[in-house]
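There are structures below to look over.
Both complexes shown next keep chain A, but they swap its partner, so chain B is in the first and chain C is in the second.
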Partner chain A sequence: MFHWLEKHPFFFAVGVFLVIAFAGLVEILPNFAQAAQPTVGTKPYTVLEMAGREVYIKNSCNACHSQLIRPFKAETDRYGHYSLSGEYAYDRPFLWGSKRTGPDLHRVGNYRTTDWHENHMKDPAAVVPGSIMPAYGWMFTNIADINTAYASQLTNAQFFSVPYNKPVPTKDGGTVTVAMANSVAEANKMALDEAKVITAGMKDKDVQDMVAAGKIPEIVALIAYLNSLK
Partner chain B sequence: MNKLYVVGALFVAAMLGFTYVAMDIKGGMNGDIVNMLAIAGAVVLVIVSVFVVTKYVRQMQSDTAGGELAEENWDSIGEYKNPLPMGWAIIFLGLIVWAGWYFIVGYPVNAYSQIGEYNEDSAKANAKFEEKYTSLTAEELHNMGESVFLVNCAPCHGLDADGMNGKAANLHKRIAEDSVKHVVNNGANNLKTTFPGGMPPMLLQDKAQIDAVAKYVANGFKADDAAGKAAFTAGTCNSCHGENGEGMPSVAPKINGWDAEMVSTVLKDGKKGAIGAMPAFTNLNATQVKAVSTYITDISKGE
Partner chain C sequence: MENRPLEYDYTVAKMFMLTTVLLGAVGMLIGVILATELAFPGVNTILGGLGLNEFTNFSRLRPLHTDAVVFGFTLSGIWATWYYVGQRVLKVSMAESKVLMFLGKLHFFLYLLVVVAVVGSLFLGITTSKEYAEFEWPIDIAVVLVWVLWGLGIFGLIGIRRERSLYISVWYYIASFLGIAMLYLFNNMEIPTMLAASPAGETGIGAWYHSISMYSGTNDALVQWWYGHNAVAFGFTVPIVAMIYYFLPKESGQAVYSYKLSLLSFWGLMFVYLWAGGHHLLFSTVPDWMQTMGSVFSVVLILPSWGSAINMLLTMKGEWQQVATSPLIKFMVLGSTFYMFSTLEGPIQAIKSVNAIAHFTDWIVGHVHDGVLGWVGFMIMAALFHMAPRVFKKEIYSKSLMGTQFWIQTLGIVLYFTSMWIAGITQGMMWRAHDEYGNLAYSFIDTVTALHPYYTIRAVGGALYLIGFFMFAYNIYKTMTSGRRVEESELQNASPMAA
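Up next, the complex of A and B:
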C-alpha cells in the first residue's frame, strides 16, 4: 500500500489532503454546528419586521451602522451584551456591517422607542445635536413592500427551515410562536394589524391616516424592525 | 596543519579587523555594555562559523562511503545504516517534554479566549469602579449623574433635560399638565415593581375638574389654588398620593417632585404615558442609578 503510494505521487497527494482535511473537519464542524444554533430568545421576523429589514437594506443603513457588538467593556457598557453568532440564525443576509459612522444597532430595541425613531428619522439633528445622519423623509410616504417580505418569509421557511408557526423558546423559559400567513392577502392583513400597534405609539397624523386607510408607509415597517432588535 | 585552516584563520582575522575598523569609525564602544555584548557575539559567531565550515569542507574532501547497507532500496539507490545523531536525539526528546508543557500551560488547556479576556476586563473594571466610588459626596454624585444622563438619557430628554419641545418628559418639572390629564383619563400602571396596584382610570370625569387638578399638580400644589385643591380631594387623589402629593410607600408615587426612589423606579420599570414610551434602563449599576437620581432630583429643584 505505502509502496504503491510512494510510486504514485498524485494519489499520495490526495491521501495527504484527505488526512489533513479530516483533521480540519473534526476541529471546525462540531463547533460551527453548535454556534450556528439559534440563541434562546431569538425569534423569526414577522412579516412587517421583514419588510422593515428590507427598507433597512434598501437605504443602506448597514453602510453606517453595524449590528455586531464586540466583547469589549466599552462596547457592552454602551450597547448591551456582546453579540452571539446564534442571534443571526434567522438573518438572511446578516447585516453585521463593517463600519460605524453611526452607533451599533444590534440591540437598539432595548433603549429606543417608536416615537424616538419617528422623531429621529424625520430630523436626526433635532434629537441628536450634531448628528450627521441625513433625514429620511421619504420613508413617511413610500409604501412598504409587504409582498416581497412575505416571499422572503416563505423562502426562509421552506428552504432554510426557519420555524414559523412553531413554538420557539424565549429567555423567560416559555415559548412564543411567530405566525406566518398562508396567502399574500393574509400576509398583508397581518402586516396591517402589526402596523396599527406601531402607529399607536407614533405622533405623525399622516402616517396614522395612511395605516387607517390600509396602506403601510416604510417608516412603520422600519420601526417594527428596529424595535425587534434586542 | 591543513591549508584550509590557514585560510580560515586569515579570514577570521580579516573579518575581526574589518569589524574593529568599522566600529572605530562609528565612534568606538563608548563603554556601553550592549555594544560590548554585540561585538563579543559577532566575534564568537565569526570564529565558530569559519571553523565549522572548514571542518565539514575537510570532511567532504577526505571521507569515503562505507558501513552496512540497509535492506530497503529505492529504484536501486541504497542507504547506509547510520547511528542516530546524539544532538538530534536530545532535541527530539526535549520536544516531547516541551509538548507536554505546552499542552498544559499553553493551548489547549490554558487556551486564549476572547470572552474570557472580556470577563476578566469587566470584572477588573467593575472592581475598580466599586473601589473608586464607594463613598461619594453629593457633588460627586451630581457630576457622575450628569455624565450618565448625557450618555443614556439625553438622546430623548435632551442635553438640558427639557424634553426637546415635548419629545420626552421635561425633567425640570415632576409632571406636565397633559400627563396629569392622560393619567386621570386612562389610569396608570407603569411602575409595577414598586407600586403593584397601579391607578384606576376615570376617578374624575368632569372636564373642568380634570383641568383644575392638572393645573394644581403640574404647578406644584399651590396653596392658593382652591379649585385645584378641591378637585384633587374630589377625585380622591389625596387618599393615595397624599394631601401635598408626597406619595405613599408601595401604593402611589410621589407627585410633587422627583426623588431618588421615583427615578430609580422609572429606570427599572420603564414608562408609557401621554408623551410616549420610555424603555427600562437595566444597564446601569446601582451607583449610576443613585447618581442619575441625584442629578434629576437636583435639576428638578433648579440646582
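Up next, the complex of A and C:
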C-alpha cells in the first residue's frame, strides 16, 4: 500500500491529511461547547477594561506573565483560588501565557491597587527591588484606543452573544449588568467616566490633566483592566 | 528521456537562501538582545535617549524574535531547500515550466512583502497575542496566499515529474504543507472588529486591522496549543527531517539505512504528533482527559522521532571517519543527535509531575533552544553549505572556518541549555517551597534574582551561536563572490537517486 501511495501523490496527500486531522477532531470537539460556558460571577469587560486589555496585548505582557493559577498549594497560597474554565468565557483571545518571568496576574486585582500599579509601571525596580521588568513610561503619554475597544465589545455582543446590557448572575446570588454604549460618542464618555474613577487613585498630575481634558492615557486603561482581574 | 543530467534552475532557491541568512541573522540578533535584557534590564532602555524605549523593550521585541526565527529563518530555509531538493528528486527542472517559475518567484516576493508587514506591525504592537500566530487578519490572508503558492509549486512540480516514486523528503514536504495549512487556518479564525455596527448605526469603528479570536478562553487556549505545538511539528520537525533525508545521504555518499524504518517513522510521526499538543496545558482548565492524552502521546512520540534520527545516524554506518574529516557531516550528525536529545527531553517535560515544576519556567525555553539551535539551525546551515557549491558553482570559501563555526556554536548551545535547565528547575522548586510553618518560603522576586547568573550564561551562549551564524553568513557570501569555480560533476556525487 505504501509503495502505491508513493506513486500516487494525490492519494498520498489525502492519506496524510486524514491521519493528521484525526487527532484534532477527537481532542478538540467533544468539550467545545461546555468549555465556553461562563462561571457564576464572570462579567463581560467594560469599555475601559477592554481598552486596557488591548494595551496589555499590544505590549505582549503575556510574554512574561501568566493568567492561569494551577491547582497546587504553592500557587493558591501565592495567587489565590485556582483558575476555573468559565472565568475565561469572555476572553478573546485567551491570555494564559506560557512563561512566568514575572508573577501570575489572573487575580492581581485582589491584592494590588491603582496606586501600586502606577508606581510600578513607572519604575518596577523602585517598587520591587531586584525586579528585571522594564519601565513602561510611554503608557503615561500614549492615548488609549477607546474606539477599537468599543468595536471589540460590539463584536463580542453581536457575533458571540456576550451579555452586555443584560443581567448576569453574581456570586452572592444577585445580578449585575455591564452596560455597553449605543454609539461611539457615548462609549468615549463612558470610558472617560471610568477613567476619572481610576485617576482619583493616581498621583501623576499629567495623567490627571489629560483625563480632565478628555484624553485617556494607556496606563489608565491598563490599570482598569488589571483591577478587574479577580 | 534524456541521458545527460538535467540542468536544474535554482533561481528561486537562491532567493530563499538569501532570506534564510538575512532573517536568521536578524532573528538571532534580537534573541541575543532579549537574553541580555533579562540578565541586565538596563539594556531595555538603551535607546531611551532617542525616545525609542517602546521599541527596544523586551515585551515588544519578544514576538519579533520568535517570528523572525520561525517564519523568517526556518521557513526561508525550508523553501530554499524545497526549490533545490524538489527538482532533483522529482527529476524535473523549474526551467521546464514558465508557470511554475512564475509561481515560485511570486511566492518569494509575496513572502517578502509579508515579512515587511510583520516586522512593521509587531514593532507597533499590532498583535493578536497568540504565540507564533501574532499576525492580524490582513497579514493572515497574505500568509494563506503565500502558502497556497507554495502548494501550487509542490503539486505543480510533482505533476510534471519524471520520477514516478516520491522520495522520502517529498513526503515530508507535502506533510509540512498540509499540516501548517490546516493548523494555521483553524487557529487564526478571527472576526475583524470593524464588521460590528453600533446600535446608533455606525460601522467600521476603530482600527480596521484589529480582530478578536473566534474562540474564547479555554477553547482558544486549546486551539492555540494544538496549533502552537504542531507548528513546531510541521515547521521544526517534519521539513527538517525532509532535509536530512536528502542532504545526509547525498553529502556522505551513503544510502539511507532502512526504508522500512523511514516508513514507520513517517506515518508514526504523522499520526502521533497532533495528539501531543495537550501537554502545553497540563493542570490548566482544559478537561483532564485531554491533558492525559497530551501527556501519553508525548511519550509515544519518542518512537517515530527516534526512528528518523536513528535511521539517519545508521546511514553513516561504516563511514564514521567522515564525522572527523568533514565539518558538514559534523553539523548533520550532531543535528540528528540534538533531535534525539530534544525529543527525549520534551516527553520528559510532558510527564505531569515533571511538568508541574517545569511549566512556566526557563527549562521550557532551554528545551526549545536545544531543538532549534542544535537541530533546526544546524540542519538548515548544513543544507545551505551543501547547496552553495552546486547552486553558485563555486567552491566553499573556507572549510576550516566551517569547522571553527561548528565548535563555537556547539559550545554556545551547551551553555544555553545547561544554564536554562538549572534556571528552570531552580525557579520551579523555589516557587513551590514551603517553610516549616507551611508558608511560602520565597517571595516571587527571590526566585527572579536567583536566576541572574544563569541568564548571563545564557546570553553568552546565545552570543556564541550568533557569532557562529555570522561566520556562516560570511562563508556563504565569500563562496558566492570568490572566483574558484567548480562543476557539480567534480563534487562528491551519490545517492539519493544520484544526479
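As a convention for this text, the second predicted complex is superposed on the first by the 195 of 230 C-alpha atoms of A that agree within 3 Å, B and C clash if a C-alpha of one lies under 4 Å from a C-alpha of the other, contacts with A are read in each partner's own complex, and residues count from 1 in each chain.
Here is the rule we go by: a contact is a pair of C-beta atoms (placed from the backbone, for glycine too) under 8 Å apart; a residue touches a chain by one contact, two chains touch by 3 or more.
If you're wondering where the values come from, they're calculated on a predicted model, not measured in any experiment.
> Should A:G201 be classified as contacting the first partner (chain B), the second (chain C), both, or neither?
The first partner, chain B, only.
> Regarding the shared-chain residue A:G80, is it in contact with chain B (first), chain C (second), both, or neither?
In the superposed model, A:G80 contacts chain B only, not chain C.
> Just checking: does A:F72 make contact with chain B only, chain C only, both, or neither of them? Give me first, second, both or neither.
both
> Answer with first, second, both or neither: which of chain B and chain C does A:A126 touch in the superposed model?
first
> Is A:A179 in contact with chain B, with chain C, with both, or with neither (first, second, both, neither)?
Touch status of A:A179: no partner.
> In the three-chain superposition, say which chain, chain B or chain C, touches more residues of chain A.
Touching more of chain A: C.
> Just checking: does A:N147 make contact with chain B only, chain C only, both, or neither of them? Give me first, second, both or neither.
After superposition on chain A, A:N147 lies in contact with chain C alone.
> Return first, second, both or neither, reflecting whether A:P134 touches chain B, chain C, both chains, or no partner chain.
second
> After lining up the shared chain so the two structures overlap, which partner does A:L29 touch, if you call chain B first and chain C second: first, second, both or neither?
It touches nothing on chain B or chain C.
> In the overlaid three-chain picture, which partner chain does A:R112 touch, first (chain B) or second (chain C), both, or neither?
first
> Where on chain A do the contacts from chain B and from chain C line up?
In chain A, residues 71-73, 77-78, 128-129 are touched by chain B and also by chain C.
> Residues of chain B touching chain A in their complex?
114-115, 117-118, 121-122, 125, 151-152, 155-156, 159, 164, 167-168, 275-279, 281, 283
> Within their complex, state which residues of chain A touch chain B.
71-73, 76-78, 80, 82, 110-116, 119, 126-129, 201, 203
> What residues on chain A touch chain C, complex-wise?
Answer in residue numbers: 2-3, 6-7, 9, 12-13, 16-17, 19-24, 27-28, 31-32, 35-36, 54, 57-64, 66, 68, 70-75, 77-78, 83-103, 125, 128-138, 142, 145, 147-152, 154-160, 181-184, 186-187.
> In the complex, go through chain C and note every residue touching chain A.
The contact residues of chain C facing chain A are 37-38, 41, 44-45, 53-54, 57-60, 62-63, 125-131, 155, 158, 164-166, 171, 174-175, 178-179, 182, 186, 191, 193-200, 202, 205-207, 210, 212-224, 226, 263, 267, 270-271, 273-275, 277-278, 280, 283-287, 290, 293, 297, 356, 359-362, 364-365, 431-434, 439-440, 444-445, 448-449.
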